[in-house]
């Protein structure tokens, strides 16, 4: 069975752009299995796509080829890349789209609030090539649609079993955004931020289960304090926090949108404190 | 050929949640054929999903596995179930999602306007199990995403041919909403309601072809009276009624939205009367 | 490998209508490979669908079966057709949906601004039949859903290899809209119009690469003048023109929507002039 090919784009659902990619893939590999991850990434929102692909790849077989095309600089001098990590193969413009999936493999811990894109050296566990071999492109390439004319056929050829090295020259670095990491101060207060607002209006933060003390916690966001971690959404009727399905601390409003109700958007701050032993003081502050 | 697996959820199209389910299915059965029914069910709207899956299953092969995940109480004590009817196999939380597809097999006729959920004994033609066998789940189960971690892998294993009984303990009842049935009074007036508003704004009622007298009819909704049943949409230029593609009486506005033009929403009343022999009186009333 | 079947409809993503078509296709041909082109064509917007299918078919294998269902007159006396061109096979109601894909093969050049539908004789390279053979329909046909009950099963049977002639009687003409062609006046000024607004708000015109002089050009739209043709979107920070991925002159606003920013809609005029040798005069006019 050929590996799965997934597609993540900002092409929307009102045109035939995503379908054009599928037609090209099926022209090269008629047995390709294609799965849409998401085509309604906000136009040009590289960071949103970078996050979403990072939350999905672990559900797919490890030989899956993930094609991610949010490509505002298509046709310019940004390069296209194919990258193989222990978790999957990724094909994308080298514009930060792989920031989350690659950062999982970087040893460096950065807590900087600055998230500008920078060139990052890849660890040995990750192989990457620049898409330079035109043999695997469509015969005519539109400078405005590399998704269809380069990324799609390269993915299809890789799904037929050609080696990664065949599609281009090896490279040892990629352009990545610094993923904002939560910061813990001396008093144990964890300062993080909202990474993503999902379909339900749940606020997904950059704080992971392992970042949170095992003691009881208070989560503060948008001037609200939420005491204690729920296990699942319906456990409370009001604003709650829990560890979501991708392992991140999440703020949710059962049967409602936490983000729109409280006006939270991506990047907004979130704080986690503990209240074991300081309950009274905290109560007073609340 | 493996049976088709369909997906119906309220996960939206802006995240990777539905794709996560597909990745899990393809990890278990790489040859699975997956079809999206709808992922834009209004969040937590169990009744809408229950209706939509009931209008689609008859188009699929009878061995199709329909996974339906509108699951506001995921992680709590609501159980997950797999149910086989003569028309298909269904995997869902036991929260009323299968109300329409199961009610088709219940002999009891209920005309109650009350639609609270209640526990209903299943007829012998329907086999059901509670999803208790963790052998067919993902190794780690998020309490917030059973769609991906329980329902998807169970569907994939069933598509590989394991028997229904393997995935859990037999059960003989399910939680179902009472589907509102149209009521006919002594004078032959049929009182029903709007079950669904579709993409075009067509109003789909709970009155079926067989409920309607063969004589000429008048349909009343939102203060409007529509005389006579059209055969197809373009037969009239104005508000019309016809039997829609799922066998229900439908009110449509050609090239427009009947629901938004006349402010009709799900649950609103609709009346059907006959006018053969009483034309003059009716004319006066109109 | 069976040919691909694509689907283009105005059924939206909130109901199970498109899925119903897929269920029927898979009931006839369990190995069918089905690709969604677009299901969010504006309800009843035949021209939009006609354009979109024309921009996508060249990405698919030439034996692909494209099913296009925008069908406001379903159930009436409009006929359903199956048409084979050198580029693909199309199944649709005969209401103008194939205007773009067929017009590519018509020798006649029409520059009329009138775009009413008219009956057009087909060239010898195109074979067409009226869908009259009920043997390939579903056993029960709803007068409101030929997409599911006629077009889908006919597509599935064709994907199994039956000849086009088997599904109905040969016909030698189709109902087509006249595609508005750009007009060049004596002074070389090209007058065209907006054919489509895409997801990004890019304005796609009816002027093709071959229509444009190789000299430097000025594009005028909505009172704006844009000098020079870009090669790709990010080449400029402001309003730009380029040849888009389907070969049409396109007006784009990098990281924004040209159409909504400048209030352009389908049908609005666009002019192309040259400025080689008349730069000064033009500058003054600008």
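When the chains are written out, they are named A, B and C in that same order, and each has its own residue count from 1.
In this section, contacts are C-beta pairs under 8 Å (C-beta built on N, C-alpha and C of every residue); 3 or more make two chains touch, one makes a residue touch a chain.
Since the model is a prediction, treat every value here as computed from it, not as a measurement.
Q: Building nodes from the protein chains and edges from chain pairs that touch, which of line, ring, star, complete or other describes the result?
A: Here the contact pattern is complete, since every chain touches every other one.
Q: Can we say the copies subunit A and subunit C touch using the same residue numbers, with more than half in common, or are the two sides different?
A: Here the answer is different, because the shared fraction of interface numbers falls below one half.
Q: Using mean CA coordinates as chain centres, what's the gap between subunit A and subunit C in Å?
A: Taking the mean C-alpha position of each chain, the two centres sit 34 Å apart.
Q: Got the subunit A residues that touch at least 2 other chains?
A: 13
Q: Once bound in the complex, which stretches of subunit A touch subunit B?
A: Touching subunit B: residues 1, 4, 6, 8, 13, 33, 35-40, 52-53, 55-57, 59-61, 64, 198-200, 231-235, 242-245, 250, 254-255 of subunit A.
Q: State the interface residues of subunit A toward subunit C in the complex, per the touch definition above.
A: Where subunit A meets subunit C, its residues are 10-17, 19-24, 26-27, 30-31, 34, 43-44, 72-76, 142-145, 148-149.
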